[in-house]
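Order as written gives the chain letters A, B, C and D; numbering starts at 1 within each chain.
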Amino acid sequence: MRDVAILGIGHSKFGKRTDVNFLELGWEAIKEALEDSGVSQEKIDFVAVSNFGLWSSEPSPVAPLLEYAGLNPTEAIRVEAACASGSAAVKAAYMAVASGSADIALALGIEKMHESGTGDVVELLARIGNYFWEFENFGPTFVGYYALYANRYMHDFGAREEDLAKIAVKNHYYGFYNPKAQFRKKITLEDVMSSPYIAWPLKLYDCSPITDGSAAVILASEDIAKKYTDSPVWIKAIEGATATSNLSKRENFISIPSAIEAAKRAYKKAKIDLEKPYKYIDVAEVHDCFTIAEIIAYEDLGFAKRGEGFKLAREEQTYIGGSIPVNLSGGLKSKGHPIATTGVSMIVELTKQLLQRVEPERQAPINNGLALAHNVGGTGHYVFVSILSLEK
Amino acid sequence: MRDVAILGIGHSKFGKRTDVNFLELGWEAIKEALEDSGVSQEKIDFVAVSNFGLWSSEPSPVAPLLEYAGLNPTEAIRVEAACASGSAAVKAAYMAVASGSADIALALGIEKMHESGTGDVVELLARIGNYFWEFENFGPTFVGYYALYANRYMHDFGAREEDLAKIAVKNHYYGFYNPKAQFRKKITLEDVMSSPYIAWPLKLYDCSPITDGSAAVILASEDIAKKYTDSPVWIKAIEGATATSNLSKRENFISIPSAIEAAKRAYKKAKIDLEKPYKYIDVAEVHDCFTIAEIIAYEDLGFAKRGEGFKLAREEQTYIGGSIPVNLSGGLKSKGHPIATTGVSMIVELTKQLLQRVEPERQAPINNGLALAHNVGGTGHYVFVSILSLEK
Amino acid sequence: MSEDKKRNDYENLPIILDKKLGVPIWSDVRELKLKYKMPLGKIKGFFTALSEEKILATRCPKCERTFFPPQVDCPYCRINDLDWIEVPKEGILETYTIITIKPTTFQHYEDYVLAIASFENNVKILTWLKIDDKDKIKIGMKVKLTVSKRLPEGYYIYELTP
Amino acid sequence: MSEDKKRNDYENLPIILDKKLGVPIWSDVRELKLKYKMPLGKIKGFFTALSEEKILATRCPKCERTFFPPQVDCPYCRINDLDWIEVPKEGILETYTIITIKPTTFQHYEDYVLAIASFENNVKILTWLKIDDKDKIKIGMKVKLTVSKRLPEGYYIYELTP
């Protein structure tokens, strides 16, 4: 297997992007990644695009995106793994380079959710769970699925709604400093607690928003990377795992088995101690589609013991200066959550963190040169955990 | 790059499969591939599923398929490249093994188009072309797109509707002997010529049908393959290329530039002479979604000179015994065309051909041990050309 | 050019102006409508039993795994035609929530309690919990699996009651 | 059990029987309806010109490539705000077909001629060709690019005429 480096990154402004169409939005990230890497289109051997779509009009979006971006006749595929689609695209591009199939590969995440109305987006997301046995007759929503977790988690471990709320406060705090974030507004615990219930016990401010946005990374093999850059970031691991589609078939509602499995594989591959991973990792982006998801992520990733993740939130241990800073981008909660873009966006953010290129207020101290991304599709239907490193 | 072998194959009966649901249909192919390879679920490291969906209910189909098939927590992604999605899934699984990311990988193609009505399937296919600039106001259908080719091709080269019809006759001839085919009925030139126009000059019998079906291949690295089988088939090349989404941006309407490009790359990788590839290849499966597509494929693949592909049909050179036998499975026309399954189905068929495991009436003589699959998404939006070989 | 025309340069086109930014937006003239037909032949036993107010799961005669949702194939033993078994009526509430913001196709229902209950044989079921006083719901409480009429559609489906 | 009930074991369920095989099929009670809103802000020049019966393409001032469909970015030169140029009214018919079997959302139109015409500056356009006698269509013939009213919707769109 060849080592794979990140050569360049691109990231659009996240938000309600009615100022651009789907193709213009894709080009924003591609253009930035091309410029950041110094690579031109004809050098790219493989493109993986993640786009969940359905809420936007192009049912096979790769072709129009490539046409617009001058990327024909480059080989290209779309990949999907629900809200983990972005990581799946990076994985596909990574495999293309690692296998020698491509020397340079592009992964693009793009989502334009505002081509549909809110009710329809809620509908489409809900259909991801399990169509026939869950959606058709019982209309769970994605907030609803995570509310089932939140309720059980709070019941078992004595966490309170305020603990969940602190995740939102933290992520908005950092999102305020991220110019690409959808919401650049600090919020208070009271703001969260007084927001209306969407699916009890989760409230509006526990939820990530509906977002348009794109992100891109350009990957290359070691010998190519050395020609283009003195500061490559290496993908040490990008490991996936899956869990049942039917939530009812899960062992419990306090952990995500596929996240535990993906983390175990990624730590093993990157040679990180499974017991105290937070001692090695300088900064993490975790999948806070809802506040409870970030707390469970702490536990699934080994940042906290089972049942103690909420204490990290309560004690503000995941701010800069705490035991491990998490979601300094603002997370899905404040930066926004364009479904299939999110995984790519996490890799972009962590690359910038490791290279110390983010805004000073949200720059993590980089000591070990290791960063982690945790990207969950559905309620753990698909999970990818990635480890980036300054050292090969 | 590690060499990649086909360890096992599975294939459902194609047709209107209202006797099974989506998951049962997927399991048919997976089960057969597991049994054919002797591999059990926990040995599989990576799964790539191709499913265009939209006409079927699960918007993120991989999770329910894995749950049903006992494949959790295996890492898995869905891939899409329109009607070339199946090849894209095989490519993803191939890259997983070639890169060392997986030792054993499964590619599954599945489509259950009869969960929607015919008009809606026509609608969804038409939307693949280019949504805003072509579909929205002008309602091209996929037959329509290929009819634009057929008309121009006939105009430029003097081909007649009868020449196109001969493709349908040939493919039905062989489909008759394929127990997995949707239509097992020989047809005459008159049957084709008297069928109603769908998009002039293409008639009903120039078109592949709406099909439910699944197909699976299990791939492995060389060392693993040797443990399981004495007769692996090797993937020598699986190369993709793309062309513009807007048909109006193509150079001409007599060839598919991405097919020419993908073929060139595949021949180069498999060290096959670009001038006379048909001298090397024992048998080919080409993408005959419409009869004209098979004729253009002959030319794009170098089986015939530009403008002379229709003569291969006229002279019946692509039957067994001719210059190169094509679509002995019955092709998309008679075997059926479950959109994202087709590419995987082609690889399954060619593996069987090379191993001389197909029905005697449709078995190609295997002299060089090389077979070719040509899989087109859209009107060339995505094309994959694969070369399989008995020798590593 | 009339005053009217000035206000929207696109009046002869299916174009609306974004309320906030005022940018023109093409309003799709091709509404996509999809309604799926999902074959049930192999698991029809579940639905005929449902008419008799029974909820069935399947069980593999070889490995004795139970499957809910019911599936006719055991992927581990690679056999089909699994046995049908009845899910007991009494279960335990594992977790629940109240869905306030609904998908488009569920907007016509009152807020509903989405719940998961566990039953013998390692069966868990996600469905609605029908209860008058939502404050009385407690994780760990006993719940009953019943079949009742879904209104306004008027079809029968399983749900939980206290 | 009544005779009626025997005929369909699923009468209280949204289940239909497949006409051919008689197998039960669940008929979705959740119809998905999607209608997209596609922003046009950056290419609004095309639509304002359309109201004046002009068809515009974009051209890159640096590499002089022409883009139709119009796009404001040149991906090769990586510049935006490309120039607008008018597509000449006269073109050549490259190819055509007659769409007999239509997508669901086009079922209400008469059979239409789908065509591609080429124009100066390497522009090709896919649209409808309006012609009384379809037998008179010939590849290579001159065609005119015009703007006309699409009925029954009543919006204006470009098409070809002889």
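Here is the rule we use: contacts are C-beta pairs under 8 Å (C-beta built on N, C-alpha and C of every residue); 3 or more make two chains touch, one makes a residue touch a chain.
Small disclaimer: the values here were computed from a predicted structure and weren't measured.
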| item | value |
| --- | --- |
| Chain pair showing more contacts of the two, A-D and B-D | B-D |
| Centre distance in Å when chain B and chain C are each reduced to the mean of their C-alpha atoms | 35 |
| Rounded Å distance between chain A and chain C, as computed from the means of their C-alpha atoms | 27 |
| Multi-partner residues of chain D (each touching 2 or more other chains) | 18, 21, 23, 25-26, 28-30, 32-41, 103-106 |
| In chain B, residues with contacts to at least two other chains | 18-19, 21, 54, 57, 71, 120, 123-124, 127, 132, 135, 137, 246, 249 |
| Graph class of chain-chain contacts, one of line, ring, star, complete, other | complete |
| Residues of chain C that touch chain A when the two form their complex | 18, 20-21, 23, 25, 28, 38, 68-69, 94-107, 109, 112, 114-116, 124-128, 139, 150, 157 |
| Residue ranges of chain C touching chain D (in the complex, touch as defined) | 9-16, 18, 21, 23-41, 44, 47-48, 50-51, 103-106, 149, 153-156 |
| Of all residues in chain A, those that touch chain B in their complex | 1-2, 21, 52, 54, 57-60, 62-64, 66-67, 71-82, 88, 91-92, 94-96, 98-101, 124, 127-128, 130-132, 239-246, 249, 257-258, 261-262, 377-378, 381-382 |
| Residue numbers on chain A that touch chain C, as the complex places them | 16, 18-19, 57, 119-120, 122-123, 126-127, 132-135, 137-141, 143-144, 147-152, 155, 196-202, 246-250, 253 |
| Residues of chain B defined as touching chain C within the complex | 17-24, 27, 30-31, 34-35, 41, 54-57, 68-71, 114-116, 120, 123-124, 127, 132, 135-137 |
